[in-house]
Amino acid sequence: MELDAKSNLKTKLNRLELNTPIIAASGTFGYANEFDDFINIKNTGAIVTKAITLQPRRGNIGKRIMETTSGMINSIGLENMGIQEFLSKIVPILHNEKINFIVNIAGSTTEEYLQLAQICEENNIPAIELNLSCPNVKTGCIEFGTKKSSLYELVRETRKIFSGVLITKLTPNVTSIGEIAQAAQNAGADIISAINTVRAMGIKLNFSEGKFNFTKINGGLSGKAIKPIALKAISQIKEVTEIPIIGMGGISNFNDFIEFIAIGADAVQIGTANFTIPTICEDIADELSKFIKTNGFKSFEELKAKIREDFNNG
Amino acid sequence: MSVKIFRKIHTGKVVELTQAADNLFYIKIYAKNFEIVPGQFVSILCGDLTLRRPFSVMDIDKNTFTILFKTKGEGTRYISNLKSDDKINFTGPFGNGFNIENKKSLLIAAGVGIAPIYFLRKELQIRFIENKLIAGFLNKFCIPKNLDIDLITTDDGSFGKKGSVIDCISEEIIKFNPQKIYACGPLIVLKNICEKTLNLKIETEIAMEKEMACSIGVCRGCVIELKNGKNATVCKDGPIFKGDEIKWN
Amino acid sequence: MELDAKSNLKTKLNRLELNTPIIAASGTFGYANEFDDFINIKNTGAIVTKAITLQPRRGNIGKRIMETTSGMINSIGLENMGIQEFLSKIVPILHNEKINFIVNIAGSTTEEYLQLAQICEENNIPAIELNLSCPNVKTGCIEFGTKKSSLYELVRETRKIFSGVLITKLTPNVTSIGEIAQAAQNAGADIISAINTVRAMGIKLNFSEGKFNFTKINGGLSGKAIKPIALKAISQIKEVTEIPIIGMGGISNFNDFIEFIAIGADAVQIGTANFTIPTICEDIADELSKFIKTNGFKSFEELKAKIREDFNNG
Amino acid sequence: MSVKIFRKIHTGKVVELTQAADNLFYIKIYAKNFEIVPGQFVSILCGDLTLRRPFSVMDIDKNTFTILFKTKGEGTRYISNLKSDDKINFTGPFGNGFNIENKKSLLIAAGVGIAPIYFLRKELQIRFIENKLIAGFLNKFCIPKNLDIDLITTDDGSFGKKGSVIDCISEEIIKFNPQKIYACGPLIVLKNICEKTLNLKIETEIAMEKEMACSIGVCRGCVIELKNGKNATVCKDGPIFKGDEIKWN
């Protein structure tokens, strides 16, 4: 079942066309039709595929996820099939099933990002999202997204190569996300998405027979706990940029969605909440559609204008 | 909006929750037409918790199924506080399930690992496949009530044979001479069993556990390493694995 | 009632002597004996008084606190009585009641911090905590604690003036907290405390009669939600510094306390949890004391060594 | 460890929870020797929520007290799900309470603001202080049951006098000619009342509300501005303020 056409949730962010402003976030929705068991994927705005690297990667060994208070930490380590297998096995499915998709790419060097962008360009990938939370092995493993100069460089070079929609995904683990966002905009990004996970550590302890047993995980925090951090980050980005923003971080219901739109997001992504309520992307779209109709708005665009107006006046 | 049909998300209803042993409960859930096979699991939404909790199914009946669970942390505490008629949101069935073959089977369970094994046993009985179920527990207070188990061991000897279930496997294999072994329990028990059965070249299937987020193979959170060098997800490629394919560390 | 002397929770961090390793955090415990109704304050390791500025301050107007999922945002705006009134009215109480205290100081310019340090020196304040989450009005309101050069400068100058125990409290809102911590150590801080609140924004929305009403707050996030962020920050600080660390951020029970000790904190502070369970500082000390006795340790020092050993081996 | 005596932290027990009206409940709590005066409040721990929720006390009896609360968000939902005999962790008494004087008093309540006013009224009755209680509600479904109120207004006229309680104050003042006014209700109602009584120079006390974290004046979260230019905490300096000292914006 497709969303009622009349509901008019269609959204355009620069050249990116979306059926609904609710997108499934990278790493939480698989590569293509994995959520078929739960929802009609065509009713998402788009899906962002799990981060793809140049070569296949095994990912981290040991503990990869830990629940924390109102959130979770993940340390998957970019396990993925690599761009070649992605192109040959997954992209055909995406095309066949007419799933609107954005390819999240990750590298350990600038060159890797550029090669990935090149391959995406050659294969007519419509949109890519640069995952800049990856450590740059050439600069002592500092995340790409934390230095504005290197980020600028990376986005600018990618822009030269890639003609599709270029989304830059920012990490919140910086002193000033506004500066970083500006660099991304100046370098030619079409859209900014934020936030990626928050740098975190989780520990579980257990004391038995006179000994402490600790399980630990270093990774990225996501889920409801980070929503206030995400809202702040996005409001900071909005303050200094003009390009569209895709907001995310802890969104788990319709109210959360409205909050993100209010502070400046033009669309949102949903990550962790897909695990909790696997129908959430469609549920929020449904509620949005109903809300628009019940309250006499013509479209999401009109509702968005009203939300922004009321927010800025209140 | 048009009505959606979600194949794998369900709202069940608690039929009853009964204490099975110390910190151990049976929960019987009503879920119309829900089907699941031995070794598969469901993932239960526990209040406001971010991650669903995975549980094997222990028994299934017309429109109801039963889980045996041990209280551990917040999730199982939530479930243990449910009352009859409360709604319960679960997803599933997930995972591959045991391969049921017409082979004389020895079933080995340790602790709450009895759950999927007991469901398997029922299925074997229905198909008249010869089997024997042995199960080990810490002590007599940990033995879930009302179960039909062929041999019980307790670590402290407070019920049945004294010792770990591992200790009597070699003997049971000689006595029963199974063509196939199925096992579920703590990692260390499974590792031990697999080492034994690998040596004896008896086909073995084990049910694994690992922390899960998505239950459908997309988050890659529940990955384990296989001997062939590949990663496998416990939720989708498993939870049932062949005893000789897992890389133990 | 004082804690059982045998329990031996006494802890020494450089020159800072504590009855227990559990300190009440600044801004959440008042200035002196306000928690008398709930606990025997002498059973805390120390109390860190609410931030004091040179002049009295009115603080922010409007909404100052908002609960968020597993946490809260505050935007108090440094309301306080100013150092002079603090010295004349509060310090005598602290002395009379023999409360072990640390004075948290805040300024809008380097000069203000130095004047405060000077006044504390002249008045024999035993220990100060530099609250570096304050915006530096001279540099376009960037927080003092976010630039390592200016932080170094500030701590070094304070060190010259102040001979008591100098604690530097770090903000988590930086790209690399390790670098900042190193600067603090190099500048002569005796102890590092971390983390202050996480930059955040909270929104509550309500739709009625065709209009959205938003309540918003920009401030600092604290409480359980930030614990994984705090643990990570402290482990990063521990990696690159040698001076003692006072850890905080979302601690609300005994297990949390052990986790912080495991990753490198030598003592902890408890903030938000004082609001939830006003006896928490004493409750955790009690539990710690019992744990030490029940498990055959001689002292907290011995337990700490065991925790660290098991953590580093596990 | 030596036994601690916490003066202001208590574990009470739910005696009963009863529906008072739509989304409105009475909860009666057993707490031995707990004492509190009209206008003061307690702060209730609601499950895992970070902040306690403040509530005025509406009535007190030997070893029990009663709160009237409106369900709003997570905290009040938690309380509304409590059952008889459940434990309830609360702190208090907090705040200053009303100044009770031997003056003919008009008591004005809007909505759930009736709670502290009703407790005050009881105290006035005990002391034989002449008083009249008028209360306004949205509609008849919002009127808490079993209360003795002299005049009720409803916005929609479904019970009592039609209109807002504010509308009839001037008239009531003329008719009853009070020496003192006490009021509790939404901010806008209080502001309105204070403007009227300031003009008429009638001594007025109002009960304020603001989000709270500590309830004891240390976090400075609940601060309001006074006309004298100072800040005041609702939790400690209030919640009862003189009508003419508050700076309304």
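Each chain gets a letter, A, B, C and D, in the order it is written, and its residues are counted from 1.
Here is the rule we use: a residue touches a chain if its C-beta (ideal position, glycine included) is under 8 Å from a C-beta of that chain, and two chains touch if they have at least 3 such contacts.
Computed from a prediction, not measured in an experiment: that's the story for all the values here.
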| item | value |
| --- | --- |
| Between subunit A and subunit D, centroid-to-centroid distance (C-alpha), Å | 46 |
| Rounded Å distance, subunit B centre to subunit D centre (Cα mean) | 54 |
| Whole-Å gap between the CA centroids of subunit A and subunit B | 35 |
| Distance from the mean Cα position of subunit C to that of subunit A, given in whole angstrom | 34 |
| Subunit C: positions in contact with at least two other chains | 70-71, 224 |
| Contacts with two or more other chains, residues of subunit B listed in rising order | none |
| Chain contact topology (line, ring, star, complete or other) | line |
| Which pairs of chains touch, using the document's own definition | A-B, A-C, C-D |
| Residues of subunit D touching subunit C in the complex | 1-4, 6-9, 45, 48-52, 91, 211-214, 216-223, 225, 231 |
| Residues of subunit C defined as touching subunit A within the complex | 68-71, 73, 142, 146, 173-176, 198-203, 205, 207, 210-216, 218, 221, 224-229, 231-232, 235, 250, 255, 258-259, 262-263, 295-296, 306-307, 310-311, 314 |
| Subunit D-touching residues of subunit C, taken from the complex the two chains share | 1-4, 27-31, 34-35, 37-40, 50, 58-59, 61, 63-67, 70-72, 74, 76, 79, 223-224, 272, 274-279, 282, 286, 289-290 |
